[in-house]
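Here is the structure we will look at.
Note that the chains are named A, B, C and D in the order they appear, and that numbering of residues resets to 1 at the start of each chain.
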Amino acid sequence: MILVNEDTRVLVQGITGREASFHTRKCLEYGTKVVAGVTPGKGSISWEKEVPVFNSVAEAKKETGANASLIFVPAPFAVDAILESADAGIKVVACITEFIPALDELKCHYYLSNQETRLIGPNCPGIISPPGKCKMGIMPSYIHRPGNVGVVSRSGTLTYEAVTQLTEQSLGQTTCVGLGGDPLPGTSFVDILKLFQADPETKAVVLIGEIGGTYEQEAADFIQKHMTKPVVAYIAGSSAPSGKRMGHAGAIISGNASKALNKITSLAAAGATVVENFGQIGLVTKKILSSRI
Amino acid sequence: MKIHEYQAKELLSRYDVPVPRGSVAKTAREAGETADQISQRVVIKAQVHSGGRGKVGGIRIAETPAEAEQIARELLGTKLVTHQTGPEGLTINAVLVEEAVQAEKELYLGMLINTSAYAPMVIASEAGGMEIEEITTRNPAKILRQHFELVAGLLPYKARTLAYGVNLPTENIRPVTQVMAGMYRLFTEKDCSLVEINPLVTTTDGRLLALDAKINFDDNALSHHQDIVQLHDSSQEDPLEVEAGNTGVNYVKIGGNVGCLVNGAGLAMATMDMIKMVGGEPANFLDVGGGASEEQVAQALKILLADPNVKAAWINVFGGILRCDVVARAVVRVLEESKASVPFIVRMNGTNLQEAMRVLEESELNITFEADLVSAAEKAVAMAKLRLSKANDTSQ
Amino acid sequence: MKIHEYQAKELLSRYDVPVPRGSVAKTAREAGETADQISQRVVIKAQVHSGGRGKVGGIRIAETPAEAEQIARELLGTKLVTHQTGPEGLTINAVLVEEAVQAEKELYLGMLINTSAYAPMVIASEAGGMEIEEITTRNPAKILRQHFELVAGLLPYKARTLAYGVNLPTENIRPVTQVMAGMYRLFTEKDCSLVEINPLVTTTDGRLLALDAKINFDDNALSHHQDIVQLHDSSQEDPLEVEAGNTGVNYVKIGGNVGCLVNGAGLAMATMDMIKMVGGEPANFLDVGGGASEEQVAQALKILLADPNVKAAWINVFGGILRCDVVARAVVRVLEESKASVPFIVRMNGTNLQEAMRVLEESELNITFEADLVSAAEKAVAMAKLRLSKANDTSQ
Amino acid sequence: MILVNEDTRVLVQGITGREASFHTRKCLEYGTKVVAGVTPGKGSISWEKEVPVFNSVAEAKKETGANASLIFVPAPFAVDAILESADAGIKVVACITEFIPALDELKCHYYLSNQETRLIGPNCPGIISPPGKCKMGIMPSYIHRPGNVGVVSRSGTLTYEAVTQLTEQSLGQTTCVGLGGDPLPGTSFVDILKLFQADPETKAVVLIGEIGGTYEQEAADFIQKHMTKPVVAYIAGSSAPSGKRMGHAGAIISGNASKALNKITSLAAAGATVVENFGQIGLVTKKILSSRI
């Protein structure tokens, strides 16, 4: 497991919102220790008579020992929420919020560059560690099972598909991390690959990339130099035309490096097993793990 | 969001970037009058959201106001087809009438966020006038880059380094650094995703002018910039894409004949890839998003079916927050209402799958259900091909 | 640079900080008319560059427009002497006529650069209404601080932390964070060195208002802000300090009787300290700067001598870029022209010392030369005392 | 010696200006290795047929091996000049320029906080190491002589007076550093005290502070905890009134900590010898050094 586990004590920023409430309930049902909520102006109430709500992260942390934060606040307030958690010393922050302007994300990145906080997202499904019964995100719980495969991805539903395939092959997961679809993600493939490589429970990694940016090339470089564990990769967007944004702000072909083929070539050259047929990603991972035993 | 060249120049001009004298005209008569005021040779430039206009007759020289009026008349109301527009082309609703200038040196200047470096970046090249992709391919050594950050801004010395690097004469160094300073202020104040001046020219009479300009804006920041939203021209976009945007779903027309409706951008791309992998051509990218309502899914489906090229449709949904039964109900409703005759393949997984199956089965519509991803893709492609050959048979 | 309260409020208001209804008046009649428009109890506030106005009758309540006019008549044109102005006081050339508000809670809000932390800082206290030094002394626990930096700006959560910290009711949290956001934009856009709202009050009718405000600007940045320079009111400064500023030298009147003219701020302070150390009272701080011309030194000397309190003058110069002979020539010129009778002590060292000595000796003026710092200080002080006692003798 | 010595190769930014030309000549006369000048637009000329001029610092560094920069450019361009040198990898920068706005200095500070460059000033006389015949500043040369006293000060002429007194007492200097009179100096007393403490040639330090800020208190804290060498200190401004700016933007009493008495008390408590009579600073330093031998 990486980043979150059975000792993770989650606070939910914006807990009193509709979407946040729904997912807080799901996280609790999964077994996550949701210990606090933060909604400025609502400090003193209790969320559904179960989770205490505070006006500030600092207060929430002090009173409940929260050490991770799940953020649902609207885009105009999201960077403030992230930095509030960082300044309060929260070490893992998953920001679900989408539609944050790129310049705001850039400011956020500069601010965090001198801090220890790991930001997952924004515009991501979050992070889940099935062996630790810790879900800090919006992914459907039931598809996951504890196991030895690490999953890292820029896409939400594509991850759910991949996890479903893994679980169907009786391959459980250590941790699944959604990096999010924005062009300036808080956490990169390389950040997560490092952690999976160092995590003794993780035996193989499934990496799901897409067109846009050069994140997968950087991942390839890291895999070549530092990964001893097998990596099974899929890159979405081989059929996407240039210059059109495919949903995610980050998924846009703006040069050769951002094309799927370039990424596939880099990953394959680095020793990753790149799957062309996405429907096979579970099966391929199974075969690779079997051949290693 | 994209804007027209004339709008980009007006904006740049407000940020102290010099542009040629000129004015936008929406009628041929206006174009003639503007040319008369400028009282010299003018350039008539078709205002469409596309590059490559010159090669297809969208940029023309007029020696006299009468000629300017004549050219504007020929252009206005017609469609311009460039290598970027697709075969439908884009309607010319306005032309920019500008003084024709004698360029000596043509530079490229671009500003965008380099996502790998997590920093804004200025790109400069002395091989201006062609597209940046072309410069990159043909002469990568001619491309200079400087990163900057948001505290100190675009430091003047970095601007100078670029100016010297593109071999500008000494008297143009300061003006070009001022152009970059203006671009930087525009970029940060208006949340641009791209500010491009191509070419930026030095003229025989010693001026520095932005001869063509392209500005794109960060869609996520538009709510802070009502003045920019005002510049939006939906006539330059695919009507189905515009409608999709209003509905709150992501739709991009691709051109093939297998339509697809998916939840999630990654899965939507993977769906297109699969169609292609098994020998088909995807008609579109369509992501209804994570939290779509039945109404939104129904609207999205109507948009999908409004594309006459679509010969088969594949619904590919992983039910999470969006429940499978909601999608099923939307499908049934639209098919029953529209009497659409294209074959439907549904592949679903996740939340409320059983209920969705029941809804589809009870509908007695001709819907093929397929659990496996690849099989679903194959069926969709086969059905589209079959329908296409039938249509061809009928038409013969 | 300092500005008046009414100017500070106009500026704050442009940055969305709410202020009481009111208007500045430069005549009694205007004051009466404004009170009439406001049509309720008003406060008449003397506009001088000083705090502590209330304690000395500079802030008064008027129940009727007639009374407002009467009070304004009494104030305008007179001098207000506060604990900050010195015994001369400052002339009241304008009054601010404002609605009288019922304050419930009085807060202190201040923004400045914390030089130890190399960061801008907001200070908040619920003990508003008294000066920050007083709060610091009497109740340091009531002072809250938040640093911020220039990339992310004043983060809303930090503003909220302060708002909760000063125990504001929930309905005032958002308004007060908006006040801080406005202060921040003003601070950074106009290069302020201090933005202070004291008190910021909540009223019985539920409003949040900046009841008094003080804004200082960074003199080094004024060249970028012509709009701010326009607000400068030299009537609120010592005429000699204004003249010194125009000449390009640093002069601060202190109040003692031993004048001094020095090059370099540190040496000028040390010179004052020495005068004090040997039992004298420095009349002024005067730094002619490193690269002063003979003309500037002469002007500075005239300013020094224009202070009637000065009974002896000490020229203390370390010649570097500023050569000793230049200073000597300026001294001789001014003394010969002005026929000033105050005794002069000259202590110099450094570049062109010999030439300076020659110039002074040839002048045949009554100038005492002294090489040692402490001896020079002692002589200056002794001479000032002697002259003072003589003057007293004469006047008796 | 600290920071500059016989291996220092100085470039002068803004060399073609009047003041810069004057002081470049003086630096050369002192023995300083002035190897390059930078004035954008004048690259290709040669300053007084002696020093090559370049359009950029990067170019100057590449062509001449310059490793330190002396800056004379006007206030609106000074921060750009400082950061240009820092980005080019120049490790010691002395900025003479005065009247730089505080917010610009703050931006400069943030930018430099991730870099190795040591900025002396701005608004300072510069730095001189008599044993290394390296003068990078505007101080009068003739008052200095090589020796074992380190001098660090916020004031220009006051330093010249102090150095003159030292030299009169036959006490030479290792290095004299002018921190400058601005409220946000690039280098603090503590930065320089650290270097003097570590420098084997320096036997004693003369520290000249003034009213304003808390720099001297921080120095006192460092002296108490880390200095074994004797420190002789003087604080200017005992007689200055509150709220009035004494020439230097940094020299203004804005609270108790910024007062001279507070600083004197802190330094004395930390073990520094605080001189009340400035005229005695040379003599006192002499006595202290003699008593140690």
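Some points to look at:
Please note the rule applied: contacts are C-beta pairs under 8 Å (C-beta built on N, C-alpha and C of every residue); 3 or more make two chains touch, one makes a residue touch a chain.
Everything numeric in this text was worked out from a predicted model, so none of it was measured.
The chains that touch chain B as well as chain C are A, D.
Between B-D and C-D, more C-beta contact pairs are found at C-D.
Across the assembly, the mean Cα position most removed from that of chain D is the one of B.
Separation between the centroids of chain A and chain D, computed from CA atoms only, is 50 Å.
The distance from the centre of chain A to the centre of chain C, with each centre set as the mean of the Cα atoms, comes to 55 Å.
Per-chain Cα centroids separate chain C from chain D by 29 Å.
In chain D, the residues that touch at least two other chains are 107, 110. Among the residues of chain C, those in touch with two or more other chains are 149-151.
Chain B meets chain D in the complex at residues 149, 151-152, 155-157, 160-161, 164, 170, 173-174. Here chain B touches chain C in the complex through residues 150-151, going by the rule given at the top. For chain D in complex with chain C, the touching residues are 19, 22, 75, 99-104, 106-107, 109-110, 138-140, 143, 153-161, 164, 181, 183-184, 208, 210-211, 213-215, 218, 234, 236-241, 243-251, 255-256, 260, 276-280.
Put simply, chain D touches chain B in their complex at residues 40-41, 55-58, 77, 79-81, 83-84, 87, 107-108, 110-111. Across the complex, chain D is touched by residues 84, 113, 115-116, 118-120, 133, 136, 149-151, 188, 191, 193, 218-221, 224, 250, 252, 254, 262-270, 272-277, 282, 285, 287, 290-291, 318-321, 349-351, 372-374 of chain C.
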